[in-house]
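For clarity, chains are labelled A, B, C and D in written order, and residue numbers in each chain start from 1.
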Amino acid sequence: MNRFALSETPFDVAALRAQLLDARVGGYASFEGWVRDHNAGREVTGLRYEAYVTLAEVEGERVLAEACERFAILDARCVHRTGDLAIGELAVWVGVAAAHRDAAFAACRWIIDEVKQRVPIWKHERYAQGDADWLHPAPKGDDPAD
Amino acid sequence: MNRFALSETPFDVAALRAQLLDARVGGYASFEGWVRDHNAGREVTGLRYEAYVTLAEVEGERVLAEACERFAILDARCVHRTGDLAIGELAVWVGVAAAHRDAAFAACRWIIDEVKQRVPIWKHERYAQGDADWLHPAPKGDDPAD
Amino acid sequence: MSARVTVLYFASLRDVAEIDHETFETSAPDLRVLYLELRARYGFPLSVDRLRVAVDGEFARWEDAPRDGSEIAFIPPVSGG
Amino acid sequence: MSARVTVLYFASLRDVAEIDHETFETSAPDLRVLYLELRARYGFPLSVDRLRVAVDGEFARWEDAPRDGSEIAFIPPVSGG
(Lines give C-alpha, C1' and ligand atoms only; values in the text may rest on other atoms or scores of the structure.)
Protein backbone atom coordinates (compact mmCIF):
# COMPACT_ATOMS: atom_id res chain seq x y z
CA MET A 1 0.00 0.00 0.00
CA ASN A 2 1.21 3.49 -0.78
CA ARG A 3 1.03 5.92 2.10
CA PHE A 4 3.35 8.47 0.50
CA ALA A 5 3.00 10.01 -2.93
CA LEU A 6 4.47 12.76 -5.05
CA SER A 7 2.04 14.75 -7.15
CA GLU A 8 2.94 16.83 -10.19
CA THR A 9 -0.46 18.52 -10.11
CA PRO A 10 -2.71 20.04 -7.41
CA PHE A 11 -4.38 17.32 -5.36
CA ASP A 12 -7.60 17.01 -3.37
CA VAL A 13 -7.20 16.93 0.40
CA ALA A 14 -10.82 15.85 0.99
CA ALA A 15 -10.36 12.60 -0.95
CA LEU A 16 -7.17 11.80 0.95
CA ARG A 17 -8.79 12.54 4.29
CA ALA A 18 -11.69 10.24 3.39
CA GLN A 19 -9.25 7.34 3.00
CA LEU A 20 -8.44 7.66 6.71
CA LEU A 21 -12.06 7.53 7.92
CA ASP A 22 -12.68 4.49 10.08
CA ALA A 23 -15.03 3.59 12.95
CA ARG A 24 -12.05 3.14 15.30
CA VAL A 25 -10.77 6.68 14.69
CA GLY A 26 -11.33 9.20 17.47
CA GLY A 27 -8.74 11.79 16.48
CA TYR A 28 -7.54 12.97 13.08
CA ALA A 29 -4.67 15.45 12.86
CA SER A 30 -3.51 16.97 9.63
CA PHE A 31 -0.88 19.40 8.50
CA GLU A 32 -0.65 21.34 5.27
CA GLY A 33 2.27 23.37 4.03
CA TRP A 34 1.21 26.23 1.79
CA VAL A 35 3.41 28.45 -0.36
CA ARG A 36 4.01 31.63 1.66
CA ASP A 37 4.62 35.03 0.14
CA HIS A 38 7.77 35.45 2.23
CA ASN A 39 10.66 33.39 3.54
CA ALA A 40 13.64 34.36 5.67
CA GLY A 41 12.73 38.03 5.25
CA ARG A 42 12.45 37.97 1.45
CA GLU A 43 9.34 38.42 -0.67
CA VAL A 44 8.61 35.22 -2.56
CA THR A 45 6.65 35.19 -5.82
CA GLY A 46 6.49 31.45 -6.38
CA LEU A 47 8.47 28.27 -6.19
CA ARG A 48 9.30 24.97 -7.74
CA TYR A 49 9.81 21.62 -6.04
CA GLU A 50 12.06 19.08 -7.64
CA ALA A 51 12.35 15.50 -6.38
CA TYR A 52 14.63 12.56 -6.96
CA VAL A 53 11.46 10.60 -7.60
CA THR A 54 12.65 7.01 -7.14
CA LEU A 55 14.35 7.65 -3.83
CA ALA A 56 11.76 10.16 -2.59
CA GLU A 57 9.01 7.58 -2.95
CA VAL A 58 11.01 4.90 -1.13
CA GLU A 59 12.09 7.24 1.66
CA GLY A 60 8.62 8.77 2.01
CA GLU A 61 7.08 5.30 2.44
CA ARG A 62 9.74 4.55 5.01
CA VAL A 63 8.89 7.66 7.05
CA LEU A 64 5.21 6.72 7.12
CA ALA A 65 5.86 3.07 7.97
CA GLU A 66 8.13 4.20 10.81
CA ALA A 67 5.42 6.57 12.08
CA CYS A 68 2.96 3.66 12.19
CA GLU A 69 5.48 1.70 14.28
CA ARG A 70 6.45 4.54 16.63
CA PHE A 71 3.02 5.95 17.44
CA ALA A 72 -0.32 4.45 18.50
CA ILE A 73 -1.99 5.46 15.25
CA LEU A 74 -4.30 3.64 12.88
CA ASP A 75 -2.98 5.02 9.60
CA ALA A 76 -1.21 7.98 8.01
CA ARG A 77 -0.72 9.50 4.58
CA CYS A 78 1.47 12.17 3.01
CA VAL A 79 1.43 13.77 -0.43
CA HIS A 80 4.05 16.25 -1.63
CA ARG A 81 3.76 18.45 -4.70
CA THR A 82 6.46 18.76 -7.32
CA GLY A 83 6.76 21.29 -10.14
CA ASP A 84 5.82 24.97 -10.19
CA LEU A 85 3.63 26.35 -7.39
CA ALA A 86 2.09 29.79 -6.95
CA ILE A 87 1.63 31.64 -3.64
CA GLY A 88 -1.17 30.04 -1.63
CA GLU A 89 -0.86 26.64 -3.31
CA LEU A 90 -0.71 23.49 -1.27
CA ALA A 91 2.84 22.08 -1.15
CA VAL A 92 2.51 19.17 1.25
CA TRP A 93 -0.25 17.43 3.17
CA VAL A 94 0.01 14.99 6.09
CA GLY A 95 -3.00 13.21 7.59
CA VAL A 96 -2.99 10.90 10.62
CA ALA A 97 -5.86 8.89 12.11
CA ALA A 98 -5.69 7.51 15.65
CA ALA A 99 -7.96 6.44 18.48
CA HIS A 100 -6.70 9.33 20.63
CA ARG A 101 -5.48 12.81 19.84
CA ASP A 102 -2.10 12.59 21.61
CA ALA A 103 -0.81 10.05 19.12
CA ALA A 104 -2.46 11.77 16.15
CA PHE A 105 -0.77 15.10 16.90
CA ALA A 106 2.62 13.58 17.76
CA ALA A 107 2.75 11.41 14.65
CA CYS A 108 1.60 14.21 12.36
CA ARG A 109 4.32 16.50 13.64
CA TRP A 110 6.95 13.76 13.44
CA ILE A 111 6.03 12.87 9.85
CA ILE A 112 6.28 16.42 8.50
CA ASP A 113 9.58 16.93 10.33
CA GLU A 114 11.04 13.70 8.94
CA VAL A 115 9.78 14.35 5.42
CA LYS A 116 11.41 17.77 5.48
CA GLN A 117 14.69 16.31 6.72
CA ARG A 118 14.97 13.03 4.83
CA VAL A 119 12.99 12.94 1.60
CA PRO A 120 14.99 14.13 -1.44
CA ILE A 121 12.84 17.07 -2.50
CA TRP A 122 14.29 20.51 -3.12
CA LYS A 123 12.66 23.90 -3.10
CA HIS A 124 13.59 26.57 -5.64
CA GLU A 125 12.29 29.97 -4.62
CA ARG A 126 11.70 32.93 -6.93
CA TYR A 127 11.97 36.33 -5.30
CA ALA A 128 10.27 39.65 -5.98
CA GLN A 129 13.68 41.17 -6.85
CA GLY A 130 13.90 38.80 -9.83
CA ASP A 131 16.48 36.34 -8.53
CA ALA A 132 15.87 32.74 -7.53
CA ASP A 133 17.63 30.17 -5.41
CA TRP A 134 17.71 26.57 -4.29
CA LEU A 135 17.17 26.07 -0.58
CA HIS A 136 19.79 23.77 0.89
CA PRO A 137 19.27 24.28 4.60
CA ALA A 138 21.98 23.76 7.18
CA PRO A 139 21.63 20.69 9.43
CA LYS A 140 18.63 20.40 11.76
CA GLY A 141 18.18 23.24 14.18
CA ASP A 142 20.24 25.77 12.25
CA ASP A 143 17.54 26.65 9.76
CA PRO A 144 16.04 30.08 10.51
CA ALA A 145 12.92 29.24 8.49
CA ASP A 146 10.64 26.43 9.64
CA MET B 1 -16.03 37.98 13.92
CA ASN B 2 -17.00 34.49 15.02
CA ARG B 3 -14.15 32.02 15.28
CA PHE B 4 -16.13 29.47 17.28
CA ALA B 5 -19.48 27.97 16.37
CA LEU B 6 -21.83 25.22 17.43
CA SER B 7 -23.53 23.28 14.67
CA GLU B 8 -26.70 21.22 15.05
CA THR B 9 -26.06 19.56 11.68
CA PRO B 10 -23.05 18.04 9.88
CA PHE B 11 -20.74 20.77 8.59
CA ASP B 12 -18.26 21.09 5.75
CA VAL B 13 -14.61 21.13 6.74
CA ALA B 14 -13.43 22.23 3.29
CA ALA B 15 -15.37 25.50 3.47
CA LEU B 16 -14.01 26.25 6.94
CA ARG B 17 -10.45 25.47 5.86
CA ALA B 18 -10.86 27.80 2.88
CA GLN B 19 -11.61 30.70 5.25
CA LEU B 20 -8.08 30.34 6.64
CA LEU B 21 -6.30 30.48 3.27
CA ASP B 22 -4.04 33.49 3.02
CA ALA B 23 -0.82 34.37 1.18
CA ARG B 24 1.01 34.76 4.51
CA VAL B 25 0.18 31.23 5.65
CA GLY B 26 2.96 28.66 5.50
CA GLY B 27 1.56 26.07 7.88
CA TYR B 28 -2.00 24.93 8.48
CA ALA B 29 -2.71 22.43 11.27
CA SER B 30 -6.10 20.93 11.87
CA PHE B 31 -7.66 18.48 14.26
CA GLU B 32 -10.90 16.58 13.94
CA GLY B 33 -12.62 14.54 16.61
CA TRP B 34 -14.68 11.73 15.16
CA VAL B 35 -17.17 9.48 16.95
CA ARG B 36 -15.31 6.27 17.82
CA ASP B 37 -16.94 2.88 18.14
CA HIS B 38 -15.40 2.39 21.58
CA ASN B 39 -14.55 4.42 24.67
CA ALA B 40 -12.97 3.40 27.95
CA GLY B 41 -13.24 -0.25 26.95
CA ARG B 42 -16.93 -0.15 26.05
CA GLU B 43 -18.53 -0.55 22.63
CA VAL B 44 -20.24 2.70 21.65
CA THR B 45 -23.14 2.76 19.19
CA GLY B 46 -23.67 6.53 18.99
CA LEU B 47 -23.74 9.67 21.01
CA ARG B 48 -25.37 12.98 21.62
CA TYR B 49 -23.76 16.31 22.43
CA GLU B 50 -25.67 18.85 24.45
CA ALA B 51 -24.45 22.40 24.97
CA TYR B 52 -25.35 25.33 27.16
CA VAL B 53 -25.46 27.33 23.95
CA THR B 54 -25.17 30.89 25.27
CA LEU B 55 -22.18 30.20 27.47
CA ALA B 56 -20.56 27.70 25.07
CA GLU B 57 -20.45 30.32 22.33
CA VAL B 58 -18.96 32.95 24.64
CA GLU B 59 -16.38 30.58 26.13
CA GLY B 60 -15.49 29.08 22.75
CA GLU B 61 -14.79 32.55 21.34
CA ARG B 62 -12.68 33.26 24.38
CA VAL B 63 -10.57 30.14 23.83
CA LEU B 64 -9.89 31.12 20.21
CA ALA B 65 -9.13 34.74 21.05
CA GLU B 66 -6.69 33.57 23.73
CA ALA B 67 -5.03 31.20 21.22
CA CYS B 68 -4.49 34.15 18.85
CA GLU B 69 -2.81 36.05 21.71
CA ARG B 70 -0.66 33.19 22.99
CA PHE B 71 0.68 31.79 19.71
CA ALA B 72 2.26 33.31 16.60
CA ILE B 73 -0.68 32.36 14.43
CA LEU B 74 -2.63 34.23 11.78
CA ASP B 75 -6.09 32.88 12.54
CA ALA B 76 -7.98 29.92 14.00
CA ARG B 77 -11.47 28.43 13.91
CA CYS B 78 -13.38 25.76 15.79
CA VAL B 79 -16.79 24.20 15.16
CA HIS B 80 -18.43 21.71 17.53
CA ARG B 81 -21.42 19.53 16.71
CA THR B 82 -24.46 19.22 18.95
CA GLY B 83 -27.31 16.72 18.77
CA ASP B 84 -27.23 13.04 17.79
CA LEU B 85 -24.13 11.66 16.06
CA ALA B 86 -23.47 8.23 14.58
CA ILE B 87 -20.17 6.34 14.62
CA GLY B 88 -17.70 7.96 12.20
CA GLU B 89 -19.37 11.37 12.28
CA LEU B 90 -17.37 14.52 12.80
CA ALA B 91 -17.81 15.88 16.35
CA VAL B 92 -15.36 18.77 16.44
CA TRP B 93 -13.01 20.52 14.04
CA VAL B 94 -10.14 22.92 14.80
CA GLY B 95 -8.14 24.71 12.10
CA VAL B 96 -5.14 26.99 12.62
CA ALA B 97 -3.20 29.00 10.06
CA ALA B 98 0.29 30.34 10.82
CA ALA B 99 3.44 31.40 9.03
CA HIS B 100 5.34 28.46 10.58
CA ARG B 101 4.32 24.98 11.62
CA ASP B 102 5.54 25.15 15.24
CA ALA B 103 2.90 27.70 16.16
CA ALA B 104 0.21 26.05 14.03
CA PHE B 105 0.64 22.68 15.77
CA ALA B 106 0.97 24.15 19.27
CA ALA B 107 -2.10 26.37 18.94
CA CYS B 108 -4.21 23.60 17.38
CA ARG B 109 -3.40 21.28 20.26
CA TRP B 110 -3.98 23.98 22.84
CA ILE B 111 -7.38 24.92 21.39
CA ILE B 112 -8.79 21.39 21.37
CA ASP B 113 -7.53 20.82 24.91
CA GLU B 114 -9.09 24.06 26.18
CA VAL B 115 -12.37 23.46 24.36
CA LYS B 116 -12.61 20.03 25.93
CA GLN B 117 -11.90 21.42 29.38
CA ARG B 118 -13.77 24.71 29.39
CA VAL B 119 -16.65 24.88 26.93
CA PRO B 120 -19.98 23.69 28.38
CA ILE B 121 -20.71 20.79 26.06
CA TRP B 122 -21.60 17.34 27.35
CA LYS B 123 -21.34 13.96 25.69
CA HIS B 124 -24.01 11.32 26.18
CA GLU B 125 -22.82 7.91 25.00
CA ARG B 126 -25.05 4.99 24.03
CA TYR B 127 -23.49 1.56 24.50
CA ALA B 128 -23.92 -1.75 22.69
CA GLN B 129 -25.34 -3.29 25.88
CA GLY B 130 -28.30 -0.90 25.66
CA ASP B 131 -27.43 1.52 28.44
CA ALA B 132 -26.30 5.13 28.04
CA ASP B 133 -24.47 7.65 30.16
CA TRP B 134 -23.35 11.23 30.45
CA LEU B 135 -19.60 11.71 30.52
CA HIS B 136 -18.56 13.96 33.38
CA PRO B 137 -14.83 13.42 33.46
CA ALA B 138 -12.73 13.88 36.59
CA PRO B 139 -10.43 16.92 36.66
CA LYS B 140 -7.63 17.23 34.08
CA GLY B 141 -5.20 14.34 33.99
CA ASP B 142 -7.47 11.80 35.69
CA ASP B 143 -9.48 10.97 32.59
CA PRO B 144 -8.44 7.62 31.10
CA ALA B 145 -10.02 8.50 27.75
CA ASP B 146 -8.71 11.44 25.76
CA MET C 1 -34.60 38.55 51.49
CA SER C 2 -35.57 36.25 48.64
CA ALA C 3 -34.90 36.27 44.91
CA ARG C 4 -36.92 34.85 42.05
CA VAL C 5 -34.53 32.83 39.87
CA THR C 6 -34.62 30.45 36.95
CA VAL C 7 -32.31 27.46 37.23
CA LEU C 8 -31.17 25.53 34.14
CA TYR C 9 -30.29 21.84 34.35
CA PHE C 10 -27.96 20.18 31.87
CA ALA C 11 -26.77 16.65 31.16
CA SER C 12 -26.89 14.34 34.20
CA LEU C 13 -28.41 17.07 36.37
CA ARG C 14 -31.34 17.34 33.98
CA ASP C 15 -31.75 13.57 33.87
CA VAL C 16 -31.87 13.40 37.66
CA ALA C 17 -34.12 16.46 38.11
CA GLU C 18 -36.30 15.32 35.20
CA ILE C 19 -36.76 18.97 34.17
CA ASP C 20 -34.50 21.25 32.12
CA HIS C 21 -35.35 24.42 34.02
CA GLU C 22 -37.54 25.76 36.77
CA THR C 23 -38.35 29.16 38.23
CA PHE C 24 -38.81 29.67 41.95
CA GLU C 25 -38.17 31.94 44.92
CA THR C 26 -35.04 31.26 46.92
CA SER C 27 -33.72 32.69 50.15
CA ALA C 28 -30.36 30.95 49.79
CA PRO C 29 -27.60 33.44 50.73
CA ASP C 30 -25.32 32.37 47.89
CA LEU C 31 -25.15 30.05 44.88
CA ARG C 32 -23.34 27.34 46.83
CA VAL C 33 -26.18 27.05 49.33
CA LEU C 34 -28.70 27.17 46.49
CA TYR C 35 -27.03 24.18 44.85
CA LEU C 36 -26.84 22.29 48.15
CA GLU C 37 -30.57 22.83 48.65
CA LEU C 38 -31.34 21.59 45.15
CA ARG C 39 -28.95 18.66 45.60
CA ALA C 40 -30.82 17.67 48.77
CA ARG C 41 -34.15 17.98 46.97
CA TYR C 42 -33.23 16.02 43.78
CA GLY C 43 -30.38 13.83 45.01
CA PHE C 44 -27.81 15.09 42.48
CA PRO C 45 -24.72 12.87 42.76
CA LEU C 46 -22.28 15.66 41.79
CA SER C 47 -20.71 17.62 44.65
CA VAL C 48 -20.12 21.38 44.47
CA ASP C 49 -16.40 20.96 43.80
CA ARG C 50 -17.15 19.05 40.58
CA LEU C 51 -19.32 21.89 39.22
CA ARG C 52 -19.00 25.41 37.97
CA VAL C 53 -21.79 27.95 38.20
CA ALA C 54 -22.96 30.52 35.67
CA VAL C 55 -25.34 33.45 35.96
CA ASP C 56 -27.00 35.00 32.91
CA GLY C 57 -24.64 33.25 30.51
CA GLU C 58 -21.37 34.05 32.27
CA PHE C 59 -19.32 32.10 34.79
CA ALA C 60 -19.99 33.29 38.33
CA ARG C 61 -18.64 32.66 41.85
CA TRP C 62 -20.21 30.31 44.37
CA GLU C 63 -20.13 33.15 46.89
CA ASP C 64 -22.36 35.36 44.72
CA ALA C 65 -25.89 35.91 46.04
CA PRO C 66 -28.77 34.82 43.78
CA ARG C 67 -29.95 37.96 41.94
CA ASP C 68 -33.64 38.53 41.47
CA GLY C 69 -34.67 37.72 37.88
CA SER C 70 -31.41 35.96 37.04
CA GLU C 71 -30.86 32.71 35.15
CA ILE C 72 -28.58 30.32 36.99
CA ALA C 73 -26.86 27.27 35.51
CA PHE C 74 -24.90 24.62 37.36
CA ILE C 75 -22.27 23.28 34.96
CA PRO C 76 -21.34 19.59 35.38
CA PRO C 77 -17.86 18.52 34.23
CA VAL C 78 -17.80 19.12 30.48
CA SER C 79 -17.04 16.44 27.90
CA GLY C 80 -17.04 18.05 24.48
CA GLY C 81 -14.56 17.10 21.81
CA MET D 1 39.91 -1.03 -12.32
CA SER D 2 37.29 1.32 -13.67
CA ALA D 3 33.47 1.36 -13.56
CA ARG D 4 31.00 2.84 -16.01
CA VAL D 5 28.52 4.88 -13.98
CA THR D 6 25.66 7.31 -14.53
CA VAL D 7 25.63 10.29 -12.19
CA LEU D 8 22.44 12.27 -11.55
CA TYR D 9 22.54 15.95 -10.61
CA PHE D 10 19.74 17.63 -8.71
CA ALA D 11 18.89 21.16 -7.60
CA SER D 12 21.94 23.42 -7.22
CA LEU D 13 24.30 20.67 -8.38
CA ARG D 14 22.43 20.45 -11.66
CA ASP D 15 22.42 24.22 -12.05
CA VAL D 16 26.19 24.34 -11.55
CA ALA D 17 26.96 21.28 -13.72
CA GLU D 18 24.45 22.48 -16.34
CA ILE D 19 23.45 18.85 -16.99
CA ASP D 20 21.04 16.59 -15.11
CA HIS D 21 22.99 13.39 -15.68
CA GLU D 22 26.05 12.03 -17.40
CA THR D 23 27.56 8.59 -18.00
CA PHE D 24 31.29 8.02 -17.85
CA GLU D 25 34.09 5.70 -16.78
CA THR D 26 35.55 6.34 -13.35
CA SER D 27 38.50 4.85 -11.54
CA ALA D 28 37.64 6.56 -8.25
CA PRO D 29 38.09 4.06 -5.40
CA ASP D 30 34.94 5.17 -3.59
CA LEU D 31 31.98 7.52 -3.90
CA ARG D 32 33.64 10.19 -1.78
CA VAL D 33 36.57 10.47 -4.16
CA LEU D 34 34.17 10.39 -7.10
CA TYR D 35 32.33 13.41 -5.70
CA LEU D 36 35.57 15.24 -4.96
CA GLU D 37 36.68 14.71 -8.55
CA LEU D 38 33.35 16.02 -9.88
CA ARG D 39 33.47 18.91 -7.42
CA ALA D 40 36.90 19.85 -8.75
CA ARG D 41 35.66 19.61 -12.35
CA TYR D 42 32.41 21.62 -11.92
CA GLY D 43 33.16 23.76 -8.90
CA PHE D 44 30.25 22.55 -6.77
CA PRO D 45 30.05 24.74 -3.66
CA LEU D 46 28.67 21.95 -1.43
CA SER D 47 31.21 19.94 0.55
CA VAL D 48 30.88 16.18 1.09
CA ASP D 49 29.63 16.57 4.65
CA ARG D 50 26.59 18.54 3.42
CA LEU D 51 25.58 15.76 1.01
CA ARG D 52 24.24 12.25 1.08
CA VAL D 53 24.88 9.74 -1.66
CA ALA D 54 22.54 7.21 -3.24
CA VAL D 55 23.17 4.29 -5.57
CA ASP D 56 20.41 2.80 -7.72
CA GLY D 57 17.68 4.57 -5.77
CA GLU D 58 18.87 3.71 -2.26
CA PHE D 59 21.06 5.62 0.17
CA ALA D 60 24.65 4.38 0.10
CA ARG D 61 27.91 4.93 1.99
CA TRP D 62 30.67 7.25 0.89
CA GLU D 63 33.12 4.35 1.35
CA ASP D 64 31.30 2.21 -1.23
CA ALA D 65 33.16 1.65 -4.50
CA PRO D 66 31.40 2.79 -7.71
CA ARG D 67 29.76 -0.31 -9.20
CA ASP D 68 29.85 -0.85 -12.92
CA GLY D 69 26.49 0.03 -14.49
CA SER D 70 25.16 1.79 -11.38
CA GLU D 71 23.27 5.06 -11.13
CA ILE D 72 24.74 7.42 -8.55
CA ALA D 73 23.04 10.49 -7.07
CA PHE D 74 24.61 13.11 -4.84
CA ILE D 75 21.84 14.46 -2.61
CA PRO D 76 22.13 18.12 -1.59
CA PRO D 77 20.46 19.17 1.68
CA VAL D 78 16.75 18.64 1.11
CA SER D 79 14.11 21.36 1.47
CA GLY D 80 10.70 19.80 0.94
CA GLY D 81 7.65 20.80 2.95
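The rule we apply is simple: contacts are C-beta pairs under 8 Å (C-beta built on N, C-alpha and C of every residue); 3 or more make two chains touch, one makes a residue touch a chain.
This is a predicted model, so every value here is computed, not measured.
Chemist: By CA centroid distance, what chain is farthest from chain A?
Modeler: It is C whose centre lies farthest from that of chain A.
Chemist: Between chain B and chain D, what is the gap in Å from one C-alpha centre to the other?
Modeler: Averaging C-alpha atoms per chain gives centres 49 Å apart.
Chemist: Between chain A and chain B, what is the separation of their C-alpha centroids in Å?
Modeler: Roughly 24 Å, centre to centre.
Chemist: Express in whole angstrom the distance between the two chain centres, defined as the mean CA positions of chain C and chain D.
Modeler: 74
Chemist: Of all the residues in chain C, which ones touch at least 2 other chains?
Modeler: As it turns out, chain C has no residue touching two or more other chains.
Chemist: Give the residues of chain B touching no fewer than two other chains, as numbers and ranges.
Modeler: Correct list: 33, 112, 146.
Chemist: So which chains actually touch one another? I want all the pairs, not just one.
Modeler: All chain pairs meeting the touch criterion are A-B, A-D, B-C.
Chemist: Enumerate the contact residues on chain C facing chain B in the complex.
Modeler: The touching residues are 8, 10-12, 15, 46, 50, 54, 57-59, 73, 75-81.
Chemist: Which residues, counting only chain B, touch chain A once they are in their complex?
Modeler: On the chain B side, the touching residues are 13-14, 17, 21-39, 87-88, 99-102, 104-105, 108-109, 112, 145-146.
Chemist: If we count contacts the way the header does, which residues on chain B are in touch with chain C in the complex?
Modeler: Spelled out, the residues of chain B in touch with chain C are 33, 49-52, 54-56, 58-59, 80, 91-92, 112, 115-124, 134-139, 146.
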